[in-house]
Structure formats: C-alpha cells, structure tokens
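There are structures below to look over.
Next come two complexes, and both contain chain A; in the first it sits with chain B, in the second with chain C.
And now, the complex of A and B:
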C-alpha cells in the first residue's frame, strides 16, 4: 500500500525518533510512504486559535499536493492528522468554506484525498494479519498503557478513529506483539499539549495525573502516537517528578518503536537513544534488546 | 464557591450571541448549563470562568466579560467538552471563535504568554513554511523574559539531536506569504464590517424599535 506522507515539523526535531522508527517499520511492513513534495506546516493549535480560515488554508496547501499525487495522506503526528482531517472534512461539507480556502490559497482544492493517522493505517488498514508474519520477538507480557490523548480520537465525527472514550487500536497492536495492554482510565485525557511552553506547571499536573493512572494500573511502559504526548510524558516526567515529589520512572515509547523492537529492528534504527526516561531497561528485562 | 457568581460589569450586547454562533459555527444558545464541559475539562482548575459559564455569558451577550477572561486563552483545545456535550454545542470551537473575536476587537489577551506563543509560531510558519522548534523556543524565551525555566530539558534535547539547529525554508514560501496576507485582509474587512454593524445596531436601539415579522 502506498500513501502520501506528511511528516510534520516535529518529526525533524523533538520527535525525530518517531520519524526514524516510522520509516524503519514501514520498510519492513512494505508500506510505501512518499513524502508530499514541499509540504508546509499544518498550523497546529496556533492557527485555529487565531483564525479559522487560516487553520484550514494552511493544511490545504499540502493536501492539494496529495490530491495531485492521487494518494491518501498518512500523518504520524496526531496534531497534524487532526488538522489535515478537519480541513478535508470542512472543505467537503461546505461549499462556501471550499471557496474561501481556494481564494486565500490561490489554487483549486477539491479535498479528494483522505487523511489518516499512522496507527490507523498500520493497525487497521494495513492490518494485524499483515504484521504478525513479520514479527521476530514477543514483548513477553510487557504491561503497556496505551495513551491516545485528544487529537487522534476527538472530535470523533471528524477523526473517525476508533471509540473516542475507549479506543482499542494500539491496545490490539500491543496484544499482537505479545504485550499486555492494561485497562486504565486516562487513555484519552489531555496532556496539555500546546500549553507546554507557556503554562508548564499545568502540563506537569496533567502529566502527573496520567502517569499516576498508568502506574496504578501496573503499566511498565506507555505507548503514544503523538509528539506532544511523548514529550509531555517523557521529557516533562523528569520535571514533574521533582515538582510533585512522586516517582514513576515509566518509559514512553512511540508505538512504532515497540513495533520495531518486535520486528527485530536494532534500537539504533528506532531512535531509542534519545529518550529522557531510560527506554532500554524494561526492554532488557524482557531480553528484547 | 465564589466562582459561581457572575458579575456583569459592562452591561450586555444582544448581537454578541449571534456573532459568536456565526464565527464558531455552533449553537451556543442550546446550552442548558449541565456542567458536563467543566467536568470534562482538564484545565478548568486554572480557568477564571468554567466553560459553561462562558456559554451562559455568551447567551447573555456579556461581550466584555467573556473576551477579557483567561479561560478563552487557557482552553487547551482537547475538545472533550464538545465530544460529550449532550446539547451538541461545540464548546471548543466557541473558545476558538472567542479568541479570534478578542483579537479582532483589540482586547489585550488575559494570558499574554499564550497569545505571544501563537503569534511567534505563526510568524515562523509564514516566513519559512515549516515550524523551526528551536527558533520558536529561543524567540519565545527572549520575548517573554522567561529565559531559564527549561534549561534542564533544553540541553539534553540538544545532546539528543532533538533541536534541529537550522530552519528549513520551503520552496513555496511566497505562496504562504500571500496566503497570510489574504487572511489578514479578510480579517481587517471583518473588523470594519462588525464595527459598522455595531453603530447600526446602536442607532436601531436608540430610535427605531424593530417590528417583529415585518419589512426587510
């Protein structure tokens, strides 16, 4: 299967291990990712907090290129996915919106291509049946809290990704890899994402709640599919520990990293060296690295 | 529970509800104050108004009260409120609309840092086409004066190669510059239109009471 690939800005910086592990996993699974030529930023929260039309026109620029490629789009970043999908939805459902977007964009945009989130593409569309034959290692019962956050699942009328209150896509993957997804209540809670830089303490508090919920459920690891979720739970975990006096020490992986480990890929190809909370300890315990 | 008391300081503006509903594309008037949005909201603990209070104030036309609030800037856009609202009010879209209206009406954002962040982010995208995270952080730190708070994570990020040192400039940067200029021009036109409409409605309230069902 072939997709137009929208990496998004974070994947060349704070989330570079997501980029590396996505590419590595896609190669093994035979998933072809063709990067959208000269793609531009989706505008993220800053655009939709500023101007609605801007927040639709920015993703539309890259989506129009995907239309030209004749391919559906896949985005690893949950925020990019959400903005791309919102744009496709808005342009398809309102003729006036389409006209306004085309006017400021200065080119036609018909919203032909669909936009999908990477976990949806890998687990649901490519399918577990096409993954299992490639597996080299079992996660050996590793207890994993699958954290979906906000932007993958909500608003469900737009994202059309799984159950918005109790999504299962990554849980099914973890089970197929030989891990044990824990039942926990913070799956779709918010990490504070865009407030990370401006209201850091709010993010510490939200991260503390999520990490505590994972710990109470017995999780040895958390998996995510979003650069903001990852950095707020991994990078900010160290700060939140100091701030709250609690201790979690839970590694936070991109789902592509755990998938990569089970596919037998070496840690270096999965960017496992650039975490804040040691990602290798629990994997060593299970003799996975 | 002092938070439950609403003070309507500046009087009300009947056209405000319609203006917000149009901008947000949702019917705020349907809100019946059940409070599910506040129960779902992850950041209500730092808000000055609970989300449902904002909805009520919009219904009442308390323009100033709403546009001066911290809440509209602190909303993290997680959309749990919109997903769960039993009246299907898109509360998160309403917060977006209120931020846009506050900006256009010249209100100083009650959460200056948040607005500053969004401004720097978008300037960066306009100028290069992609967000350069390191550039965003440095510019934000310099302009907010909050220089040292994240050094403990910044330096390891640098070591891990998680902060790309140089920005990437896309080839189509000119298209983006035009796109931003067109959006801004439309915004300016919307401001002119709404101030014109304000004067019209003031005049109508002063001398010409509207007759129901007749004319136009």
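And now, the complex of A and C:
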C-alpha cells in the first residue's frame, strides 16, 4: 500500500524518533510512504484557537497536494491527523466551507483523499495478519498501557476508527506483538498538550494522574501515538515525580518503536537513544535488545 | 344527469370565520350537476344531518357533497346520514375546507377562492362515484397470543374469560417472561412472582387456553378473521403427557451450563425447568449441551425418570391453525452494556445490569437472595447505581427514555438498604422521571432510606485493586466526584427483542427505527397495528412498566373480543380491484403491496375461437387495506382503487387545474 505521508513539524523536532521508527517499520512492512511535496504546518492548536477558516485552510493546502498525488494521507502525529481529518470532514459535509477554503487556497479542493492516523493505517488497514509474519521477537508478556490521549479518537464522528471511550487499536497491536495490554482508566485522558510550555504545572498534574493510573494497573511501559503525549509523559516525568512525590520510572514508547523492536530492528534505527526515562532497561529484562 | 346536493358547514366560526360561505354558495350553485346548495352552522349536529336527509328526499338527490372538516373526522357520520335517507353511503364526498383551508389561511379572499376549488373538486369526483357494497368476511373465533410474559398472559386470560379459544405461544420452556426474573415490583414492593404465578397457573388451567411453550411462530398467512399460522413446537425431548414434573431428571443430570434465566450468574442442568415455579412444570433437554446428543452416551435422566417420559427421538412439530386475531406480546431485551467501553465493556464481573441485580436479590436466584458481588462473593459495603445506560444517549444511537430505569433503580436502592444494612448506595442520574401513581413517593422513600442521589452522567468506571472507582460529575455542585464502590449496577435500558424485526415481517406489521412495533395511531389507536386483526400488548410496542403492559394487554383483548362478538366482519369496500381484461400479468403490483394482498392467478379465456390461459394479478379483499400503491405501479391502468378510481382522480385533477 502506498500513502501520501504528512510528517508534520514535530517529527523533525521533538519527535525525531517517531519519524525514524515510522520509516523503519514502514519499510519492513512494505508500506510505501511518499512525503507530500511542500507540505506545511497543520496549524495545530494555535490555528483553531485563532480562526476557524485558518484552521481548515492550513491543512487543506497540504491535502490539496495529496489529492493531486491521488493518494490517501497518513499522519503519525495525533494532532496533525485530527486537523487533517477535521478538514476533510468539514469540506465534504459543507458546501459553503468548501467555497471559503477554495477561495483562500486559490485553487479547487474537493477533499478526495482521506486522512488516516498512523495506528489506524498499520493495525486496521494494513492489518495484523500482514504484520505477524514479519515478527522476529515476542514482547514476552510485557505489560503495556496503551495511551491514546484526546485527539486520536475524538470527536468520534470525525475520527471514526475506534471507540472514543475505550479504544482498542494499539491494544490489539500490543497483544499481537506478544505483550499484555493492561486495562486502565486513563487511556483517553488529556496530557495537557501544549500547556507543557505555557503552564507547565498543569502538565505535571495531568501527567502524574496518567502515570499513576498506568502504574496501578501494573504497566511496565506506556505506548503512545502522539509527540505531545510522549514528551509530556517522558520528558516531564521527572518533574512530575518531584512535584507529586510519587515515583514511576515508566518508559514511554511510540507504538512504532515497540513494533520495530518486535520486527527485530536495532534500537539505533528506532531512535531509542533519545528518551528521558530509560527505554532500554525494560527491554533488556525481556531480552529484546 | 346526476342530481348533486352540496351542504356547506360553518363549523361555528372555524370555517365561516375565514371562508365567505355566501360567496362559496353562489359559486357552487353554478357548478355542473349541482341542483341544491345549503349552509348549516354545524352540519354534523342532529339538525344539520336532518337537513341532509330532507334535501335528499325533497330534491331527489343522488349524490351528496359535504364541505366541512377532514373526512377523518366525520366521513363515517355523513355516510350513515345519507344511508339513512336511502342512498348508498359511498355516493358521498367530503370537501375538507377546514384543515385544508380555513385553519391554515388568514386571507379571506384567498381562502374563499380555495374553498370554491376544493368543493369543485369534490363535485367533479362525486359524479363518478358508484354504489359500493361492504363485503362480509367470516371470523374464526380463535385468538393467537405471541409471547407468554405478563402482557401475553393478561391478554390470553381476558380473551379466554370472554369465552373464546386462545392459543398462547411462548418460545422459552416456561411462561412468565421478564416479570418472572424480577424480585420485587415498584412502587409497592410486592414480590413479582407472588403476583405473577397465580396468573400463570390460571393460564395452565384455563379450559379455553391452549399453551404451547418452547414454540415459535414460523409463518403467518391469511388476513383479519382468517389468519393461517404455522407454529414450530420444538422437540422438548420429554413427553409432556407422561411427565409429572417430579424433578428426578434434573436432580440427577450430571452436567451444568450457565443459566439463561439467571443471566449467567448461576447454573442450570442440561435437562431443566428455568425456575422452580415454571409453567408448565415440565423440563426440556437443551440438545446443544446434552452429552447424550453430543457423544451418544449418558441417558442418566432416562434411567431416573419414574414416568418413562424422556424421549430422545422426539422431533420438532409443525402445527398449522386458523386464527381470527393475533396479539403480539413479545416483550423486550435489555441493552447490552458491553457497548459502553467507559463502563468496563461488559468485562468486569462486578459491573452488572439491573436485571442481574434482580437475580442477586431474589431468594431463588444464584445467591439465594444474599447480595454478594459476582467476582468473589463478598457482601458489598458500597454500591453505585447508574441510570440511563443505553437510554437517552445519542452517542449509542438510542435517543428514547426507557421509562422504567429511574423507578427500578430506586427500588434496588431500597432493597439494598434492607438486605445489607449500612451499605452505602449512590445513584447517578440525569433526571429522575417518576410519572406514575405512587412513584414520586417511592423515589422519596429511597432518598429517606439514605441513598445518595448525584445528578450527573458517569464518565468512567475503572477497577482499582479490590474495588471499582466511579468517576463522574455532580452537576448541582459543579464538581468532579469519585466514588469507590464494591459493585456497580447499570440501569440498562429497554430495547426491542433482537428478532423483533423478523417477527414483524412475518406478521406483516410495521416497526420503528429501533424495531419497536408501530401502533396504528400514537394516541387514539394504541393497541391496534396498521394491519387489521393484529394487536399489540406490552413492551414490544415501546418501553413500559408492568401496570402499563397489563393495561395495554387488556385493551388488546377488548379489541379482540369486540371483533369476536360478531360472526362476520364487514370489510371496507375501498379496496383495489383488477380489470382482468387489460391486466398484462407483469405483477409489478405484487412486491409493492405492503400487505401482501396481491397474488397471481391464471385465467382461461376464448380469443378468436381458441382457448388460451394467461396470468393476471388478483387482490385478496381481506388483506387489501386500500392504500393505492398498486394503482400507481400498474403500467396498464388495470389496477383501480374503488372509491378512488383512475377516472375519479383524473376528474378531481381536471377540476382543480381549470
């Protein structure tokens, strides 16, 4: 399968390991990712907190290029996916919105291409049946809390690939890799996202709740599919420990990294060196690296 | 030339306030065929009707038009009026100048002009009206009640008490339905089975009732007064005529499976009666799980049966019988809370439904009435109840209120505080809905007994070690709340039976978007369906509590007995008829008919000296409801609806388009 690839800004900054592991995994699985030429920022929170039309026109600019490529779009970042998908949905369902967006773009945009989240593409569209034959290692019962955050599965009318209250896409993947997805209550709670920069204390509090819930459920690791989720739970973990007086020491992986490990890819190719909480200790215990 | 009389009604000021009746009268006087026009303040009044009779006699009228309210109001009144004056009742037409004119217009000029048009239309049509005769259909005075829950039981008893034969068909091994699974009933807290079993026994002993349990309706043909129904009586593997219900077989049967009656909380034997008070008290063998049927070995029940009633060779029996009327009383299923991922997706044993709770408090339930949580048998010290699970939740595709959950949750809280003194109980609710006699008082009582009511929807329920955490919001305080509970009871809503749509199609009745059966009119015909001779009782028509289900069942029974009080039915003559001379036999009309009233027929005729056979459509007068769909589909114009024939409709169109 071939997709138009929308990396988004984070994947060349804070989430370089997500970019590397995505590319590595896609190569093994035979997923062809063709980067959208001259893509631009999706606008993220800043755009839709500023102006609705701006928040639709920015993703539409890149989506129009995907239309020209004749390919559906895949976005690894949950926020990018959410903005892209919202735009496709809005343009398809409202003629007036489409006219306004086209006027801003200065070109026709019919929202022909769909926009998909990376976990949806790998687990549901490519399918576990096409992954299992490539697996080299089993996660050996590693207890994993799959964390989806806010944007991956909500609003469900727009995202429409998993249960908005109890999503299962990454849980199914972890089980297929030989891990044990834990049942835990915080899988769709908010991590605080960009408040990480403006009101860091809020993120400490939210991260503490999520990490505590994962720990109580017996998780040895957390997997995510969003750069902000990863950095707020990983980079802020030490600060949240100090602030709350609790200790977790739980590594936070991108789901592509754990998938890569199970596919037998070396840690270097998966960007496992660039974490704050040691990602290798747990993997060494299971003799995975 | 026809002699048409037109009677214009003021309806007080309802019509005359907007339509200038004098000018209308002048215009009507000049219409072709009209020999007499008159106005009345209230045409439907006794003097008004007398004027019509007088007009018919004095002016030798052979057609009558009444310009008044909707035909749905008074068409029958005026039909009887003209009939009493010696005219065929179908030589009357109504021009609706109230609902279609005066009530929806303000401008007097325009309304008067429109009234003239509407009367001209009726006058043009009535010229082509022909005398029609009502057909008489014989009635088979035997009723079929489908479903042996409280609604079906009540309907069967009422019809049988009126002296008519009733067959009661129930798909489970025993009658009793959902009510048999309940512990107590709100708002009086009488024991559900204690008030139900006398009625169940009445059914079993009633000389006019034939009870068929473990049976299902397979096919329904025919029409009102003359339904032909095929019933599958599933093989019980027990000879009912020999079995005494002694219980040796199920005491000795070595194999257990989860009990459907206890919703999997307890176990039953493979040969079983669903509950101790079952009617009939005769077991069935669950062939799917029976070791003998799977491996050919065992036969323990046969060895221990003192009556020799076990019969492994029994086969399903198909019974075909004629019935005059059918009552559908198939009840409901519970919403499956596995669809709530945020409430544990049905995976946590201590998150149970309201019906599970009924089984836990019931003395003949799996815990013998001791409230113990399913996971470890611990007596809970804190229980949270959550209402509106699968009701009033657009995200789950169910917008309606299930009507019973507020009340049964209040009941559960009361039962809990009686059985487990000191146990904390919380009820999370959206709104408390208590519109019934004694209901609000009952709800107050549960509050006074210490139940904490928290207004707000629960966001999530999760396990933390030994207990569950209920995370919600108190919208009255505007604060997030976390409640620790040993057990959570979800007040799951009422949904139609999973096979309701299938049964509706078998019966030929309509159902709504959820598959609840449709009543003929939401207010004025709540127990009839749109298919003549088929009636509704209980929750198959929509969520209901026991008193409402019983009331509706008695209503349905009254309709059936009223129908059975006559030897023949008069059928409305406004039905479709085929002109066989021009019917090409394409049968496009057949799939379009919603009442399955059209069939094919081979006719033999002589053409140029030769005898030829060909296919034509034929209409079953008993089934046809006169909707007219076939006349539109007919490419040859061979299909005509009596009273709305093609020439009548075209005359109307022509009169309106002039």
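Points to keep in mind about this one:
Rule of thumb we're sticking to: the second predicted complex is superposed on the first by the 289 of 289 C-alpha atoms of A that agree within 3 Å, B and C clash if a C-alpha of one lies under 4 Å from a C-alpha of the other, contacts with A are read in each partner's own complex, and residues count from 1 in each chain.
Note that in this section a residue touches a chain if its C-beta (ideal position, glycine included) is under 8 Å from a C-beta of that chain, and two chains touch if they have at least 3 such contacts.
Small disclaimer: the values here were computed from a predicted structure and weren't measured.
In the superposed model, A:53 lies in contact with chain B only, and not with chain C. By the touch criterion defined above, A:199 reaches chain B but does not reach chain C.
Contact with chain C, but none with chain B, is seen for A:183 once the two complexes are overlaid on the shared chain. Once the two complexes are overlaid on the shared chain, A:132 sits clear of chain B and of chain C alike. One of chain B and chain C touches more residues of chain A, and that partner is B.
Looking at the shared chain after the overlay, A:44 reaches chain B, while chain C stays out of its contact range. Looking at the shared chain after the overlay, A:156 reaches both chain B and chain C. In the superposition on chain A, contact of A:166 is made with chain C only, not with chain B.
Contacts of A:110 after superposition on the shared chain: neither chain B nor chain C is touched. When the two complexes are laid over each other on chain A, chain A has residues 156, 164 in contact with both chain B and chain C.
Per the touch definition, chain C reaches chain A in the complex via residues 340-342, 345, 347, 395, 460, 462-465, 469, 471.
On the chain A side of its complex with chain C, the touching residues are 156, 163-167, 183-185, 213, 216.
Of all residues in chain B, those touching chain A in their complex are 23, 42-43, 45-46, 74, 76-80, 82-83, 90, 92, 96-97, 99-100, 103, 111, 113-114, 116-119, 121-122, 125, 129-134, 137, 140, 144, 149-150, 152-153, 156-157, 160-164, 168, 170-172, 175-176, 178-180, 182-183, 186-187. By the touch criterion stated above, chain A contacts chain B in their complex at residues 9-10, 12-16, 38-41, 43-54, 57-58, 61, 103-106, 150, 154-156, 164, 188-190, 192-195, 197-200, 202, 205-206, 235-236, 238-239, 273-274, 276.
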